[in-house]
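Take a look at these structures.
Same chain, two partners: subunit A is paired with subunit B first, then with subunit C.
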Partner chain A sequence: MKKMLIQLKSIYYRPQTQQFVVDVLRTLLSLLIALILGFIVILLTSDQPFDTIRIFLLSPLSDPYTFGMVITQSVPLIFTGIAVCLMVKGGQFNMIGEGAFFAGAFIGAVVAAKFSLPWFLSPFIAMLVAAIVMGIIGYVPAKLKASLKVDEFVSSLMLNFVIFWVIMYLFNNVFFDPEYSSLATPYLEDGQRLPFLNADNEVSISIIIALITALAAYLFLYRTKWGFAIRTTGSNVHYAKYLGINVKRVILIVQIVGAMVAAFGGATFLLGNSYRFTWKALPNYGFDGFIVAIMAFVHPLLVPFAAFLMGFLRVGASEMARLSDVPNEIVYIIQALIILFVGGQAFLVRFKRNRLKKAIEKEQLLKVEVRHD
Partner chain B sequence: MTEVIKMEHIRKVYDNGFLANDDISFSLNSGEIHAIAGENGAGKSTLMKLLYGVEKPTSGKIYIKGVETKIYNPSQSIKLGIGMVFQHFMLVDELTIFENIFLGNETAKFNILLKDKMKKKLEVLSEKFNFKLDINAKCGTLSVSQKQKVEILKVLSKDADVFIFDEPTAVLTAPESDELFEQLRLLRKAGHTVVIITHKLQEIKVLCDRVTVLRKGRNLGTYDVSQITTEEISRLMVGFDVKLQEEITDKKIATDSLLEVKDLVINPSQETRPISFNVHRGEIVCVTGVEGSGQEKVIEMLMGLTKVPAGTMIFNNHEVTHLSLKSRRELGMSYIPADRMVLGTNLNSTVFENIAAHDILKTSPRRLGFFDKRYLKKAALKHKDEYSIKTSSMNQSIHLLSGGNIQKVVTAREMENDPLLLIAEHPTRGVDVGTMELIFNKMRNLKKAGKSIFLVSTDWNEMMALADRIIIFFNNEMTAIIDEPRLLNEYDLGYYMLGVKRMVTLV
Partner chain C sequence: MIKFIFSEQFIVSMILFATPILFAALGALVSKKAGILNINIEGTMSLSALAGGLISFATRSWLLGLLAAVIVGVIMGFVFAFFTMKLKTDNVLSGIALNTMASGLTVYILYAVIGVKGDSSLQPSMIIPNLNIPLLSKIPFLGSALFSQNLLVYLGFLSLITLIFILNRTKLGLYIKAVGFNESAAKSVGIPTKRIKLIALMITGIFAGLGGAYLSMVYLSYFSVGMVAGRGFIGIAAEAMGQGKPLLTFLFALLFGAVDYFAIGAQTVLSFPYELLNTLPYLMTILALIIFAIIHKYSSRSKNRKDDDYEKI
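Presenting the complex of A and B:
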């Protein structure tokens, strides 16, 4: 028993563990500071600040319906967060997630409405079609980067507008439902959509698909040779070349895969929670993917947690906007502050240092103890 | 002989958790040459960086001339009379020696430079310490040993009493080292204190008055060099007895050549004789030369890292001149690069992934690309034990290891990759004596198995222990091919490396 305790302690005091603990504490603390600053803004602007804060923090948990909204809100963020993780791990700052998510949702809605196959085959086919089409489009900035070293950040950002307007053209002129009162794609029958897990709060199986995607992304990145090649290329190109990794191909593939995941997510989200595609502007989920990925330390398994947290804040903010006199935008202030603190390398660095110093002393002490046993 | 500096109970923990110095106390006297000896990762450089103010101690006290002092940065330590000459020189190539020496330390009146006054000072110093330098030459044109002299003058010009040298002879040839030692003795005579960080036992014996031995961040004591033998010092450094004997193997007359390089041009814009040589199966060919003499370029071309301007390379009956690095590796080349921090490892990754990199990439697509982590980890653990890589776990981030241990990781990975030809640049640089012997043995085993090694080295012991032939480069040309390395003496080697001598057959 005592031995086990010592063993547990020695694991806890390993520098790696400490690093992780400190990172998590850092994130939570930055969340706290951001929330406090957000509350100060609420205090300054609201007539009933305490009620407002209570709504903001507690309403997402208060009833099953709002909690379902939190889960639904986190689905798109998981997908785009994963897409960003993959691309950033490969060293590519590609913004195509935004356009791919939007186009994926549109393609998914259109394709699913065309077929009516048994066992929910049509939504899955639609999701795959969306992923493949956007994979082909994602080839453009990827190839430009790999062969001509065109900065993928700029080209993908610009490409988003091209994608958006092409989709809007198709939407306005080809794939719309003439019988519906406003601009929308044709209605999706039950068999053409993803089933609900719980019809009461409208949580669909898209959340499960999202979690599976996160797990698959983790396994792909950390357990396969291709994942190894991607991570190596992302953190040290010279070393990757030295090992004989085909760096150009990695740069190409990782961006295509990223675009595919985002498009797949767009289709999944739409087919899980809507009856039609009705977006008339970019939904910003692709950009939010970066925020989620940063909060998750660019680790696929942490992405769902970060996405859930974001979903929580958003649902809280929209409830707050509905029930009080403070607008929704407060959540963007909080979001920005979190990113500033989490992204700031020097934040709490002294705390980290002390922690590690202590860890080493403890580790040595424990080694001595083990020897005495 | 007065005590100039005293350090008491110094402890230094780096941000990443590495304990570099653990309760070290020691002192320096005026007019002595003091060696800090120890393996790599023993904490020598850290201790000196603390004294020079580059790093701050976690705890402990530093007394300078009896007064407790806190050193916050190098400019403060310079004011206190402490100067340091680093391994990597910090000179502006475009400026002259004179300008470099007084850069940031100008004598001026009303913001107008007093060049004559500075020149006078420099002349006096050069005279006193016997530096023969043209102070108006641009630093970019200087040789390594001349650059080092400029660095020494730079410290002298700041009126330093204490000189710290970080492995000063690592970049020098034997005759150049002798010259440096003469100058260090002159400094001692003038009452200055000289500290040299080194792990070369011979130097300690020849040059130093006292030696402080560090191991694993601890001080094992300060000794008078006259009262301690080199064997005792090496035992203190490593912790056990080491015998670095030279194994004279019978020289096989091999005819079958594995690698043939013909008429290779290193720098097309320069008029040089093209380079041709070959490496036989089961042979260790050593290439040497002062840094930047062209041997590094040859390696880059051999591995396909730079394009070959002219010439051909044939490896194992395949023409490889324009092949990619990947296909060269597939043909059986393996490479230990000199730059282990950027080219040789991924510092953001774990020890495991760095050791097992080749095996991971060899995973067959039939497994859907999933590598067998448990199996590979077992293999990696075996390499870890064999090469005595010091790490608390395989999942440890590799940047927490010391430089010598990172070198071992690279060496282990490349040597266990079953190569036909191992290209090794300084494979034992910074590695402790015990592991050095182990790597030598591994290399001899490779050779016995009929594999070849193309070794780039400037370490005399390494060349003598391993080389079947030595090729010497100077100024992008070959100056000598030595067929009987054991008949070569250190000074001749130095002359070939400096281009003073040249083999008749190659002219």
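Presenting the complex of A and C:
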């Protein structure tokens, strides 16, 4: 019994565990600060602030349908979060997730409407086509970075606008449903959509696909040779080169895979939850992916949790906008504040340092104790 | 087509379209000189545009509106400085977060003040007046393009000259460049690096504020959500292509202005889908980035620096 206790203690005081504990505390505190600042804004502008805040925080839990909305909302965030994770782990600040998600959704909707195959083959074909097409386009900023050292941040941002307008051109002129009252792609039949997991709250199996993607990204990054190369390149290029890693190829691969995951996510989200593609502006999910990835400490397995939290805040905010006088844009303000604090290297740094120092001391002590036993 | 490009209208409009990009580029230039990648310019511009529009409507004075826009810009500079220097959040990350915040905050404030979410056309802003320089503006062809422009256009030229002067002829400029070149070396010779960076960010804020004010008080007569439309980013791209040289940056801002106007103006002249014309400014940016990267690659190759290919990833 005593031995088990000591063992548990030694796990708890391991520097890695302490690091994790501190990180989680930091995130929660950031969340708290952001929410408090958001509430102050609500207090200043709303007529019945307390009701509004209650709706914001509790409405997502009030009934199964709204809770289903939270899960649905977190699907795109998981995908773009994973895409960003892959790229940031490789040291690449690539923004193509935004354009790739948008284009992926469009391509998915168009391709799925063309086929009518049994066993949900058509949505899967559509998702793969979306991923492949955007992988090819994602090659552009990746290759520019790898061969010419063109800053991938600026080039991918610009590419997003290009992607957006090209898709809008195709949407307005080629792939639209002439029989529908407003601009939309052709209607997707039952077999062309991803099936519902639970028809009551309209959660589709896209959430399962998203979770599988997160798991696959984890296995890829932490359990394969490629993943090791990516992580090493991301943390120290010189060291990676010294180890004989083909840095150029890593830079190339990681950005292409990131674009593919985002596009795949776009198609999955659309085929799981909509009957048509109707977007007329960039949905901002690519940038949200950054927020989710940072909240998840750029770890694929934590991305779903961060995405769920974001989805929760969003659904709460949209319910709040529906039922009160506060617009749902408050959620962007709260999100931004969370990121600014979570990303702050110096935020709670003294606390972190103390915990780690203590952890190392305790670890030494416990080692001695174990030896005496 | 050729007639369209060489018309007087084209030159006037090019300058009109280039001015916000020039302000953004100058802002990016100052930050870059101090070693900061500040993508918050985009968000700052939209907040400043909103402030300019609302305050000028409320006070019925374009001057106060302009002042408010600049003050908002400086405040955003402070906020960015607080998060990047005090909390040590990554520059790009802070930029993304603050841009997100700006896009939320503008809608929120607009809704709280006017009760509409899209634009402030119900409460139009006061327009910053044009400045006609007598006699000179009568010169044919170039006269109205150069001497009958908006006050802010002249301010843009003036900013460029001031910036060149500050960077090359003053102690502050020298300090800013020193901090950007090597921060720890600058610190070791006693330059207050944090204060210098803060000043650089505030100057950036002033420029971004002017750019924002231009959008809601000259370009259009009201604020509309998303009116910045990537101009802050294009300004950053213009700065990247100017390679830290103010005059080159200015020329690229003009070029982007020309392409930007071409994309809109040509829609009436050419029978070409407008969606594809809209891609032009962005394609142009990517192309310019590529050209400069190639030039850079070959000029550095001639210096035999093959080994350090990956020094700066």
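Please note the rule applied: the second predicted complex is superposed on the first by the 367 of 373 C-alpha atoms of A that agree within 3 Å, B and C clash if a C-alpha of one lies under 4 Å from a C-alpha of the other, contacts with A are read in each partner's own complex, and residues count from 1 in each chain.
Keep in mind that, in the parts below, a contact is a pair of C-beta atoms (placed from the backbone, for glycine too) under 8 Å apart; a residue touches a chain by one contact, two chains touch by 3 or more.
All figures in this text were calculated on a predicted structure; none of them were measured in a lab.
Asker: Kindly classify A:Phe290 by the partners it touches after superposition: subunit B alone (first), subunit C alone (second), both, or neither?
Answerer: After superposition on chain A, A:Phe290 lies in contact with subunit C alone.
Asker: Check the residue A:Lys225 against both partner chains and state whether it touches subunit B (first), subunit C (second), both, or neither.
Answerer: A:Lys225: touches subunit B, not subunit C.
Asker: Per the contact definition in the header, classify A:Tyr139: touching subunit B only (first), subunit C only (second), both, or neither.
Answerer: So A:Tyr139 meets neither subunit B nor subunit C here.
Asker: Would you sort A:Met168 into first (subunit B), second (subunit C), both or neither based on which partner it touches?
Answerer: In the superposition, A:Met168 touches subunit C alone.
Asker: Which of the two partners, first being subunit B and second being subunit C, lies in contact with A:Phe93: first, second, both, or neither?
Answerer: Touch status of A:Phe93: second partner only.
Asker: May I ask you to decide whether A:Lys241 touches subunit B, subunit C, both, or neither, giving the answer as first, second, both or neither?
Answerer: both
Asker: In the superposed arrangement, does A:Phe124 touch subunit B (first), subunit C (second), both or neither?
Answerer: Neither partner.
Asker: Which chain, subunit B or subunit C, is in touch with more residues of subunit A?
Answerer: C
Asker: Is A:Pro327 contacted by the first partner subunit B, the second partner subunit C, both or neither?
Answerer: second
Asker: Going by the contact definition given at the top, which residues of subunit A touch subunit B in one complex and subunit C in the other?
Answerer: In subunit A, positions 238, 241 sit in both the subunit B and subunit C interfaces.
Asker: Residues of subunit B touching subunit A in their complex?
Answerer: Counting only subunit B, the residues touching subunit A are 13, 15-17, 19, 58, 305, 324-326, 329-330, 335, 337, 342-349, 353, 357-358, 360-363, 368-371, 373, 392-393, 395-397, 400.
Asker: Can you tell me which positions in subunit C touch subunit A when the two form their complex?
Answerer: 39, 83, 86-90, 92-94, 96-101, 103-105, 107-108, 111-112, 117, 226, 230, 233-234, 236-237, 240, 273, 275-276, 278-279, 281-283, 285-286, 289-290, 293-294, 296-297, 309-310, 312-313
Asker: Going by the contact rule at the top, pick out the subunit A residues touching subunit C in the complex.
Answerer: 41, 45, 91, 93, 140, 144, 148-151, 153-155, 157-159, 161-162, 165-166, 168-169, 172-173, 237-238, 241, 247, 251, 281, 284, 287, 290-291, 294, 327, 329-333, 335-337, 339-341, 343-347
Asker: For the complex, give me every residue of subunit A touching subunit B.
Answerer: Residues in contact with subunit B: 14-16, 18, 219, 223-229, 231-232, 235-236, 238-239, 241-246, 349, 352-353, 356-357, 359-360.
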